[in-house]
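In the two complexes that follow, chain A is the common piece, with chain B as its partner first and chain C second.
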Partner chain A sequence: MTENAQPATAKASATPRQIHWADYAPLLSLALIMGVFTLLVDQFWSFGTLSLVLQQSAVLAIVATGLTYVLLCAEIDLSVGMVALLSACVCGVMWEQPWAAGAKGTAHAASALTIVFVIGVPIVLATICGWISGRLTISSGLPSFIITLAMMNITLGLARFLTKSEKFAVPGVLTKIGNDGWRLFGGLRIPQSAVLAAVVMLVAHIVLEHTRFGRYVYMTGGNREAARLAGVRTDLVVIRCLAICGLTAAIGGLVNAGRLNSVSLDQNADLLLDAVACVVLGGTSLFGGEGSIGRTIIGVLTFTTLKVGLNLMNVERLIKQSPLPAGWKSQWLEASWVTQFDLLRPFLLGVVLLLALVIHGRLVKRRE
Partner chain B sequence: MADAPASRRDFLHLAGVSSLAAAAGVAGCSGEIPQPAGSSASAQGSRPLKACFSNAGLQSTWCALGKKTAELWGQLLNIEVEWIDGEFDPEKQRNKIDAIVHRDWDFCCFQAVQIDSLAAPVKQLQERGIPVISMDTLLVAMDQMRDTGVWCEVTPDHVNMAEMSAGYMLKKIGGQGKVIHIGGLSAHSGAQGRKQGFENVVANYPDAEVLGGGVRWCDWKKEKARNTFESLLQQETTPIAGAFFHSDDMALACVDAIQNTIHKDMVISAVDGQRDGLDAVKDGRLAATAVNPVCRIHRTALVIGQFIARNKEAMDTVPLEIITPGPLVTRDDPNVLAAMYYLADDTHCLV
Partner chain C sequence: MPDPTPLLDCRQIGVAYHGVSALVDVDFDVQAGEVHGLVGCNGAGKSTLMKVLAGVVPQYTGEIHLGGLPIRLDSPRRAIAHGIAMVYQELSGIGQLSVAENLFLSRQPRTRFGNIDWRRMRREARQALAELDIDIDVSRPLREFPLVIRQMVEIARGLHSGARVLILDEPTSALSLPEARRLFELMRTLKSRGVSLIFISHFLEDVLTVCDRVTILRDGRKLLTDQSAKLNRRAIIEQMVGGETAAAGQDATEVTLKPESKEPIRLRVDRWTRRGCFTGVSFKVHRGECLGLYGFVGAGHQELLHTIAGAQPVQAGEIRIDNSPRRIRHVADAVEQGVVLVGADRGQTVVRGASIARNITLAHLATSVGSWITTRKEVMVSQPVLEQVGCRPPDPCKPAGQLSGGNQQKVVLGKWLLGPIHVLLLEEPTRGMDVHAKTEIMRLVREQQKLGAAVILASTEPEMLLTYADRILTFSRGQVTAEFSGKLVTKADLMHAAERELERHD
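Moving on to the complex of A and B:
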């Protein structure tokens, strides 16, 4: 295969690649969203907002990284949210055991080894969950969304059984990662969780772009049969990708629990859909073979900027500051879409997401 | 809005009365004190009653404590309690309730995930002569309760809880400054009541400015509350004086966000008064929490259900609505805090 592939690659590099709008659609979406919010939100273009985006995107970025691998293989993992929850629950339950930190996680000090164990076990467990999903997807021949749907229920059930609906504390190191950061200049604060997310993404990027396994992932997603005939063990690639997805889900779940200071069953409910939205917004194909960690970063930043911008938007203030005639202002200020603007935020989020995805989809279609 | 000493007195009085009533119920049912005329034989001596309970979802610590309460007091009153988890999904809850309406129950107590979603199965239970008691949120609109077969609504006073908690916060900040209002789910009648309570109080303080255009609905979700809260903090360049949350869980997920910021002295109050909320008041992370008396609600529903079943009471003799009050817990009044630790403990399940 390598022999045949080389001339084609050489030919491709000899002719300059045609630049197409579709390649830059995710970046344009991000720029557009930032531009709109710069106009609508006071001091949106500030270090404070950047810190906020970094803080709120960290968990999503970690989880979306693993999901990118799975989507690149033309598979899906619906269990990420619940695997993240189970990992955090296992960590919390173990942390409150008498041999660890005891009741409420404050009864007595735990050793460093205990902390490593309490954090390490859920990560290994989640990786095993992902591995099992992959193994069953391959051995049963069923679509991964069915297998991971079952895994989603299994992990939720286990989390419920373990926690008995109680809230559990998590180790202080997770709370620190979830909440602390480094203050730099001009109000810029780099959250520790964002640094962790950057490390996870960097490692994932290196593996994907600079290792044989990474190339196999693209080949498996692009054309599985061709990859298999070329000697790639596509089954193993799928299993590994789902295991990686479990691993990142666990890290994301633990960081989220740290950020919220505890773990309870109501966490991570939206994590799956948000992470899928991020990966797809970045331009990674749901049909596999196309995408990258770089694109996922753009997707995560777009999604989080949109959410943060909508949260920061204060229509009432905007109308008051606008150069509109006073009569219009007072009339608008009493309108239901202004007084109950908060209820419209999810609607606006959906509309903007839909627009971005449809435009990107159409551009890709035109390119093809 | 009651001030702290009054609410403390009220609370201790109520706690006493409720404990006496509960004790009388248990003792009465076990035949240790004379039975009132018309009452049935002792609970211990007679056949055990069968009751079906369901609340919104056991994911929430509030609902989980409600289940413990019903089971604990069910054992004491010789009632077999079967539990149905609403899973915070009206459809799932409806399917599960549909599956049990044909079975024999002495009474049922439900907290609907969504108003009206259980109207049809409740009607079927009514046709079979099985009393249904509504807990916390309305099963159907108040004027349709009796026609649908709902005997009684046992509810906390959401408006009053918010008035107490937000009122305390506003007093603490001197009635002026910027405040944040983080809400639960906009469609939830309890959240609507809490919003009303907050707005009632804030109307008395013209110098208090509610940030973010009023209540910010976060669907009881901690992540959403934290993100919204951080956004509101980020926008302000001068310190925010206070914040009021519709639940302790949302408040506790946000308290860390004010550390090392200009808002670090913010006075935060909330509603629910569960164990974590009490701990947070004790260690100063929360200024106050108004207790949403989960144990009292579930226990009252259970006790009323067994009275209806054992005494063969008629529907029109049972009040349409029973409001179960909860106290305001602050560090200013350690006695209330200490009492709440005992009363809300899951081995007692009293408030």
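Moving on to the complex of A and C:
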């Protein structure tokens, strides 16, 4: 395929796409947050921090990938956290059955087939949950907001009933994925979970950018009626996106259970809101049609960098090292906002998120 | 004989939008207790005049007197304060609220504690409606009632806010015959109570039945005002259409249609029925023929196109393409059969945020781009299409929303060029476009026609149909009222047929 054979094509691609600040805002806020923590945290730029960010972002990235599909077609899935929990619980409960690994998961060795079964069933189940949410959203004409809110409670209830609020063990392979990694040079450690997340995102990216289904997702979100009038089965697109979201939620939930080496009901409580924050922070529109997996990566990295940075920040040391008058220093070191800084971390996380999102929103508004 | 001092007297009203005159020196008066009909073609200035009275067009020139005193209507609030109320064609009532709440919208009675006095509100609402002989449960939501009741509630709301002049804009166009009769009774009741009504309608029979006097507008000027007893339909239509046969522009006002085509039948529709839109519609279109569908807004001919294209369901009927029965449940089914729709509302046919290339390839992605999609391939596929339809600028990477209306429409049409077009359905394809864009769009349509496509063109503009259609069907209230082919047809003939009543056999 030569350029000469297609002069028209060459002319067209020579026209640059209009570039606007709003397109780069997510990247800039990531850089800004990294910059601020470089100043505030000792040795922030280290392989240790990078490994920590990768480790912490894997589950979030997997869940946010499915959520990106849902947001792209202008819907939302509020059940991701609890669907993740339910699939981990189903996995744990099955694993402790006598036909699998038995009580505490250690009674006897399980065959590879059993392990595949114990991991596969919850994934299929979660996909079905998403599919049901999608079907009901389409057939009832209600917003997915309401349907998935109900689905959230249904899955939470099922998880409670299955586990009877007890702790369960998970297959060793999940523990490995959740905790092991490959040590590279200079203390850099690539967690297996991060590699899994990368694979999930890569597949999701290829589907979104290079297949018909991916294109239909964008067009359905951009203008559902126009897509429908062009012959796109927009109802099926929405149902499939919600099913995909269930699928990734299950993978995320299983990896998270592996990371924590067990399943219990207190897991994944923040997962939904964190994942939504990541997707939106990356610049994907809540109103559909605009966004990408690449943006979600940026969003996830921004969010985890912020979280890790806040955790690494040592306020007392910062005050001691600062060139402030000694009187102020001793006074501040006694103050409650320093001694109980741990309790303030969610507050700071919220404030920074809010700032970033409001600035993005205003930039997008200015472009239009 | 007209009263020497009319209740509402408009003198030499003029309105210009951006230097283009919409109304010129119109004198218009309404007596107390009179029903005054206002008729004219699309764009004659009826709605502009009514907007002046409703206070929506504050930049008008001329004088308005109410009860002998000069007034200035520079805001809707002012108009309502003077007792002029408007009942719009698209009802403004809020369906979720109860009838009583709608009647008292923004003026709910309060108790002495400042909260809404529901009991008093319901009682007064019941009284207000009883005075108009409407007996309904006022605590039920408005949306549960048929259109005619909703219109009556709207009228009652106007009266209750102290209106002396009520303006009714096309109130009967979506009503069945008995419903329309009920509305006329109400109008007579109001008249006997001294309320003045201005009645705007395309349905001249209705106008002549219910009005005392009729004013005819054409091209922003008043032609005449006369007692309705002295007028008849033919005379009114002749006046509305006027001697503009030789008028400027390419739009025909009379044309000799072709006899029905001898080509094989491409599309045949039998007893096609969609509840609330149209009933038992049957027709056929031949290869290479352009069938025009004419009717007023709400006549059902536009919804008809949507159902044929699979975008809306029908309750009954059969469809045959090239003489074999087909089932179309989704737009995708229709597209596969080569039945494609170009809709009127580009907000519903163009994905504005997506690139032009993505809009072009959307419908035939599999066959044109294949299963591995890249921007490069898409650009290569859409570039020749853009050149074929003459889109300006022909840049496939630009967001479609940045194009002008005419060019967006070319993109919508261009999208179908990537697949077979057997039946091309056009709903007001050139609405809001300049002459140049209009000709270009219709040139593309003609090309498809020459290639054997059957074209169905639905419009509310008679000129459009007289210019482009080979054969014309007229619609009124969901039914075909006449078919024109093989003889001389004028704009007046079409309008006659479109406002004609078919007596229902029920």
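Keep this in mind: the second predicted complex is superposed on the first by the 353 of 368 C-alpha atoms of A that agree within 3 Å, B and C clash if a C-alpha of one lies under 4 Å from a C-alpha of the other, contacts with A are read in each partner's own complex, and residues count from 1 in each chain.
As a working rule, a residue touches a chain if its C-beta (ideal position, glycine included) is under 8 Å from a C-beta of that chain, and two chains touch if they have at least 3 such contacts.
As the structure is a computational prediction, the values presented were derived from the model and not from experiment.
*Asks:* Looking at the overlay, what does A:228 touch: chain B (first), chain C (second), both, or neither?
*Replies:* Once the two structures are laid over each other on A, A:228 reaches chain C alone.
*Asks:* Of chain B and chain C, which one touches more residues of chain A?
*Replies:* Partner with more touched residues of chain A: B.
*Asks:* Can A:210 be said to touch chain B (first), chain C (second), both, or neither?
*Replies:* second
*Asks:* Where does A:102 make contact in the superposed view: on chain B (first), on chain C (second), on both, or on neither?
*Replies:* After superposing on A, A:102 lies clear of both chain B and chain C.
*Asks:* Looking at A:267, would you say it contacts chain B, chain C, both, or neither? Reply first, second, both or neither.
*Replies:* First partner only, chain B.
*Asks:* For A:179, is the partner it touches chain B (first), chain C (second), both, or none of the two (neither)?
*Replies:* After superposition on chain A, A:179 lies in contact with chain B alone.
*Asks:* Touching A:294 in the superposition: chain B (first), chain C (second), both, neither?
*Replies:* neither
*Asks:* Using the superposition on A, tell me which residues of chain A are in contact with chain B and, in the other complex, with chain C.
*Replies:* On chain A, the chain B and chain C contacts do not overlap at all.
*Asks:* Write out the stretch or stretches of chain A touching chain B in their complex.
*Replies:* Residue positions touching the partner: 42-43, 48-49, 51-52, 55-56, 104, 160, 164-167, 175, 179, 256, 259-262, 264-270, 307-308, 311-312, 314-317, 338-339, 341-343.
*Asks:* For the complex, give me every residue of chain B touching chain A.
*Replies:* Answer in residue numbers: 58-61, 63-64, 186, 212-217, 220-223, 226-228, 230-232, 234-235, 249, 252-253, 255-257, 259, 276, 279.
*Asks:* Over in the complex, which chain A residues touch chain C? Could you list them?
*Replies:* 6, 8-9, 12-13, 15, 17, 209-212, 214-215, 218-219, 222-223, 225-233, 289-290
*Asks:* Please output the residues of chain C touching chain A within their complex, sorted ascending.
*Replies:* 309, 311, 330-332, 334-336, 341, 343, 347-354, 358, 361-363, 365-366, 371-374, 376, 379-380, 383-384, 387, 394-398, 415
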